[in-house]
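Look for chain A in each of the two complexes below; its partner is chain B in the first and chain C in the second.
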Partner chain A sequence: MNTFLSRNRLIVLAYIGMLLLVLITAFFSPGFLSASNLRSTFILASFVGIVALGQTFVIIGGGIDLSIPWVLNSAAVLMTLLCAGQDLPLIWVVPLLLAGGGLIGLLNGAGVALLGVPPIIMTLAANVILQGLILVFTGGTPTPAAPDMIKFLSVGRISGIPVIALIWTALTVLAWLLLSKSAFGRHLYAVGTNVTVARYSGVPTTRTTILTYVISGMTAALGGILLTGYSGVAYLGMGDSYLFTTVAAVAIGGAPILGGSGHYIGTVAGALVLTILTGLLPALNLSSGALLVVYGAVILLTVSIGSETFSEMWASASNRRKRIKEGTENG
Partner chain B sequence: MDIVQVKGLTKRFGGIVALDGADFSARLGEVHALLGENGAGKSTFIQILSGALNHDGGDILVDGQDYRPVNPDEALGRGIAAVFQELSLVPDLSVEQNIWFRREPRTWLRTVDVSQMRQQTLELFERYHFPSIATTREVRNLTLAERQIVEVAKGLAKNPRILILDEATSALPASEATWLLSLARQLADEGRLVIFISHRMGEVRAIADRVSVFRNGSTVATHDAAAVSDDQIVTEMIGRQLARLYPERMDTATDRVALQVRDFSSPPMLNGVNFDLREGEVLGVGGLQGHGQREMFQSLFGADKALGSVTLWGKPVCFDTPRQALSGSEGIALVPEDRRGQGLLLTKSVRENLSLPVIRRFSHLGLLNQRKEAELVRETMKSLSIKADTPEQIAGTLSGGNQQKVIFGKMLMTQARVLLLYDPTRGVDVGTKGEIFQLMRQLASEGYAILFYSSDLPELVNVADRVMVLRSGRVARMLEGDDITEEEILRAAVFDSEAA
Partner chain C sequence: MKLKALVLAALAATTLAGVGSPALAKSEPYVIYLSNNFVGNDWRQQMERVAEISVAKGPLKGRVDLRIENVENAVQAQINSLNNIMRQKPDAILIDAASDTALNPTIKKACDAGIVVISFDQVVTAPCAYALGSDWDMIPAVMAEWLAKEIDGKGKVIVDRGLAGAPISAQLQGGYEKVLANYPDIEVVGYYNGEYALGPEQSGVAALLAANPQVDGILTQGYGSGAIQALKDAGRPIVPVVGFSYNVAALTCAQTEGARCILGSNPAYLSSEAIKLAVEILDTGKRPEERSVVVKGDFVTTHPFKSELYPSATMLKIAVGENAFPDQPPGLTLPITPDWVEITAAEAAGSN
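Presenting the complex of A and B:
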């Protein structure tokens, strides 16, 4: 664990930032620390966190998944349609939709790893196609309400703890095992660091890349299913905000956008930071436009503090200062 | 007066002491060789001298004046340019664009004056007799050797008073290496100072006027090259006497064929190669550069495609990927040409690099047994004496030679018994070279079969049991026994042997 922390200083920073944010928020809106508010913050963060799990894997592998919004939305819409408000069909609907999300991921991954289509293009295309399909399919008619079981999973509690927080925790443990304790994790970091070196080292690079997109498709679908329970219905456009938030959560969590390092443990902090921030900004009485500006600026700032250029600038500045002190340079 | 004078130079990277009070002094008009083990601090020293790194303590005087450059441009302002060990060209730019990078000749509109730039490149190439490389080619399409040559051109284009060459010959085949040596001589005769780093004693002997020896970050001694013996230098370098560089010849080859290759082709570079590599044999591969050696190694390993039949331990195989080649103990492993581009994850630890090819072997019920991994990694590091602070040191911060050893270690960990070694001693110090040759011999006697390419002819002559010389993608000649000499290898590489 010691080496984990020293190798992932940015993750530690993300958690420190999160704590600071909690303090600031508690200062501006004292109600923030109430149990019910903490609980709802956690529930909202869980959605971001779950959906960002796949994005984390994809980004570590050197790609990016822009198809998340409509994979999520498709899963939500299809779930409500197929279940028609009943719990029983969930037995087959949920596995089917997870598999469907995985299949989209498989296609994304195959396009990227086998055909060499740039990830941005491949996943953006998948996103648009899914959007079109869902529009055609539903014809804009409203869908039935979410089954009670799904509502329980997303907003219910077991002895006071939100069920979704338990789901998120389980997924976090799983992600940690995969990234830190499995051969797949090693392969993934290798592919993201240098795919040629990985290939020469016998890493199944194609399979590894494809798998990241499969995971991402599955977590997006899961996120869509659960989110329906939160909002009560599926609606078109419900996944749109998740593109930015997942990428931002990964970035705030310290993973470089070019891949090769980072960890889901960081993304967890990222998801919490983003959610707390969304709660804090209204408390500052900003207009919704100004809110977005602040939101974007804060993310930009957080991410750039961790970036390499910034730390280089910092290092060279402190070097210079040192030298001026020593008197070997004037000015 | 000496143009460069260095006193008590120190440099630390975190807890690692790279330079520990190094002294150095050199004058214009000489070729000054810098020798030392892998990790002795040579590259760190010249990076400081050329403004790529800051030093922690000590003084540098250039022209008798205090010198502490913040960046390479400032160093160049004082007339110092370096060709670094790790190449730094931009792959997407052409040869000439790289050579004049950030210093392009301009037209009055401030646009790049392309014809002027070409003119200058050709003049530079002609003045210093550069091997021919089309100036408009993209660097990404060049071989490692060609890139190295462009790197030298880039350094020279700055017209420095002091040119530093850090292992610039290590990636070059014999003829180009010879050219670079005479170039260094020519530059010194023009009144410049050339600081020359190499692990090849022969090269140092051929051109150096003086020799400085580094060990563990400080200077052991500076000698007039004429007044010191090889043995003494080597002893100063490694702190003990080197019994012998090349291992004793032992015929450990059996009759069993480990790797049978027939009609192996991938035109235009490979045009039907046939050979048998036997169990227990070290089969050398020679020839002029660019006659199919690289393609042969790549294709046998499954990294490139080729036609023909390959039989491994009696079983026909066809590898589409390196993963297939590496799988199992019946596999083939490769030490690739390009250390940074193919061999190492530079930003990952030594441990992660070493265990990457075999990581699945540590997996039990889906989880890694990290204790077992650490144990095997430690063993490998020890058996190759890889000089790293801990297994967690980032591979990119190791000295060049130690990076090469990590790649060697990766391959050994796979337990594949047919080894393809493409220039495995590039940038490795004499002491370690000796160890690597020893290891190759030992592996051979344990039943490994080794295909061994080297850009250093004496290595082929002294280590290989047989040497096959490639010309135009075919085996021009298979040299055995007393026929294995530098002259014969060169002759076979250049002339048609049957006609001669």
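Presenting the complex of A and C:
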């Protein structure tokens, strides 16, 4: 137990932070703990969590995926266009779009792992190109409403439990298996820690890196498809807020941005923290500007409390206190 | 047909002389350029489509050679584009502008070259150019007045602040609050940033509903349908909602049991009105005295009322098939057509 705590200290901290935030929010917002509001909070957190799944893999592998907004947006727009409000086409549209997301990821990963393009440049370029392609492809025709099946998946319930929460749980189990129980997971941590060492140790570094981007492309596409069910409509720009939130969710969950450690279990807490926070802030009645400042500051604070530097400072401070104490006792 | 777009009284004379009498018109079609600084949303796309349709039929058929030039949301790009357009020596240029001031020197050059310049939607301050747009003082005032009447002048309301830092957001919020301040028993209990998108509207309203056990009205700057969805999700009564007239909003209001809505309009056919104004000026040589020209789109509402603040405000009652279209895209802006040409919903959506 002790080793579990020390190994996953940052993840535990993220969950403690989440519980604190729940208490604070429940204090300022009396209806926060009502069943309907908890449900809607959970639904919103699921979108962040699902999209951040791929981002977690990419960041653990030492990269970053900035193409998420328009992979998400493209999947959403194409889904509504191809389905035209009907459920039946989903049978081929959803696999097609997930494969499309995976393909964008494959290109991102190949650019990074094979051609040595920095991840920031590679994925940012992919993001801009996709944005342009979607504008050209749609010719700006407003898209039809989301099919009912998608609405059911994202806001529907099965005996009181949101369907999307079940999807998210299944994906969380899958991510845990991949990270903690598979060879791919071990390879991923090795690549994120030191890609050269990993390569000399026989880790298939190129394949591992590419796979992380493929996963990210697929979860972004899935997120886009599901998010369309939430508002009933796909609209241009709907993915933009998911760039910052996915990176922040991963960081709050305790994964260092340079890779090598962290876990999706932490990202789950990060997604919940960010969503609860967006529920708390309007209840505080701050001005528009102050809202953004507080939002950014809370994230910064949460991430830095968990950071290695901060805990080293904390450790050395307590050591110094101990020494001073011993000093006075001796002297 | 009801009068749909009331151009200012100053225009009345030129209207009669212009479109009504093709005998006066010259035989060659006028070359009119439309310079648009942004194509990334549904409104701008619809605006361009209705511009093209309104010169392909009705009184302007064959009268205008319309050429649309898009630039991607950068002032410098639009200045370059305008310079290129000027070299073509068009009769008129219509501009949806990237900046209200930065284009002014370029626009002045165009005016000096004898080109009629009309800015619309996002207008410019150059004195020689006309500024054609919606009445952003009237729209929020009438809607806040409607909401106050619907809740009998008392209760707790929440207000959408739009997009942080956007001038139009502050104007709409200010417009709402100025009118609400006349009702001492109405209290604004919360604000959210709707960002003119359905997702943020729905989650913002949901958060405020959780924080406030009593909410009697919601003033959005966006769709309103996101707010209604949040009310439904929270199992709360469907209170009166203020929003803007997109198809999805009108449909949600029409199809939700007990919904009360008013939807203000910034019609996408501002472009058609700008074309018509340009043709009138070119036909008659007479220019409107006021440089700012107001286009009044009808309010679309479940419960029409007579505004005391703006008695000239016109209301359309929401009716499925007439101004809410189940078979058309949710992002379609209403009302769809000006009164002097018949544009169908399918044409405006580009879906036929």
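Throughout what follows, the second predicted complex is superposed on the first by the 322 of 331 C-alpha atoms of A that agree within 3 Å, B and C clash if a C-alpha of one lies under 4 Å from a C-alpha of the other, contacts with A are read in each partner's own complex, and residues count from 1 in each chain.
One rule holds in what follows: contacts are C-beta pairs under 8 Å (C-beta built on N, C-alpha and C of every residue); 3 or more make two chains touch, one makes a residue touch a chain.
Quick caveat, the model's predicted, so the values are computed rather than measured.
**Student:** Which partner does A:S40 reach: the first (chain B), the second (chain C), both, or neither?
**Tutor:** In the superposed model, A:S40 contacts chain C only, not chain B.
**Student:** Counting residues of chain A touched by each partner, does chain B or chain C come out ahead?
**Tutor:** Result: the larger residue contact count on chain A belongs to C.
**Student:** With both complexes overlaid on chain A, does A:T193 touch chain B (first), chain C (second), both or neither?
**Tutor:** The answer is first: A:T193 touches chain B but not chain C.
**Student:** Where does A:T169 make contact in the superposed view: on chain B (first), on chain C (second), on both, or on neither?
**Tutor:** In the superposition, A:T169 contacts neither chain B nor chain C.
**Student:** Just chain B (first), just chain C (second), both, or neither: which does A:Y235 touch?
**Tutor:** In the superposition, A:Y235 contacts chain C only.
**Student:** Give every residue of chain A touching chain B within the complex, in rising order.
**Tutor:** Touching chain B from chain A are residues 3, 7, 177, 181-183, 186-187, 189-190, 193-194, 196-204, 260-261, 319-320, 323, 328-329.
**Student:** Please give the residue numbers of chain A that touch chain C in the complex, ascending.
**Tutor:** Chain A residues touching chain C: 28-32, 34, 36-37, 39-40, 44, 135, 139-145, 155, 227, 230-233, 235-238, 241, 278-283, 285, 288-289, 291-292.
**Student:** Applying the document's contact rule, which stretches of chain C touch chain A when the two form their complex?
**Tutor:** Result: residues 39-42, 44-46, 48, 161, 164-165, 190-193, 197-200, 202-204, 206-213, 225-226, 229-230, 233-235, 248, 329-332, 349-351 of chain C touch chain A.
**Student:** Please name which positions on chain B make contact with chain A in the complex.
**Tutor:** Interface residues on chain B, with respect to chain A: 54, 66, 68, 70, 301, 303, 321-323, 325-327, 334, 336, 341-348, 352, 355-357, 359-360, 362-363, 366-368, 370, 392, 410, 414.
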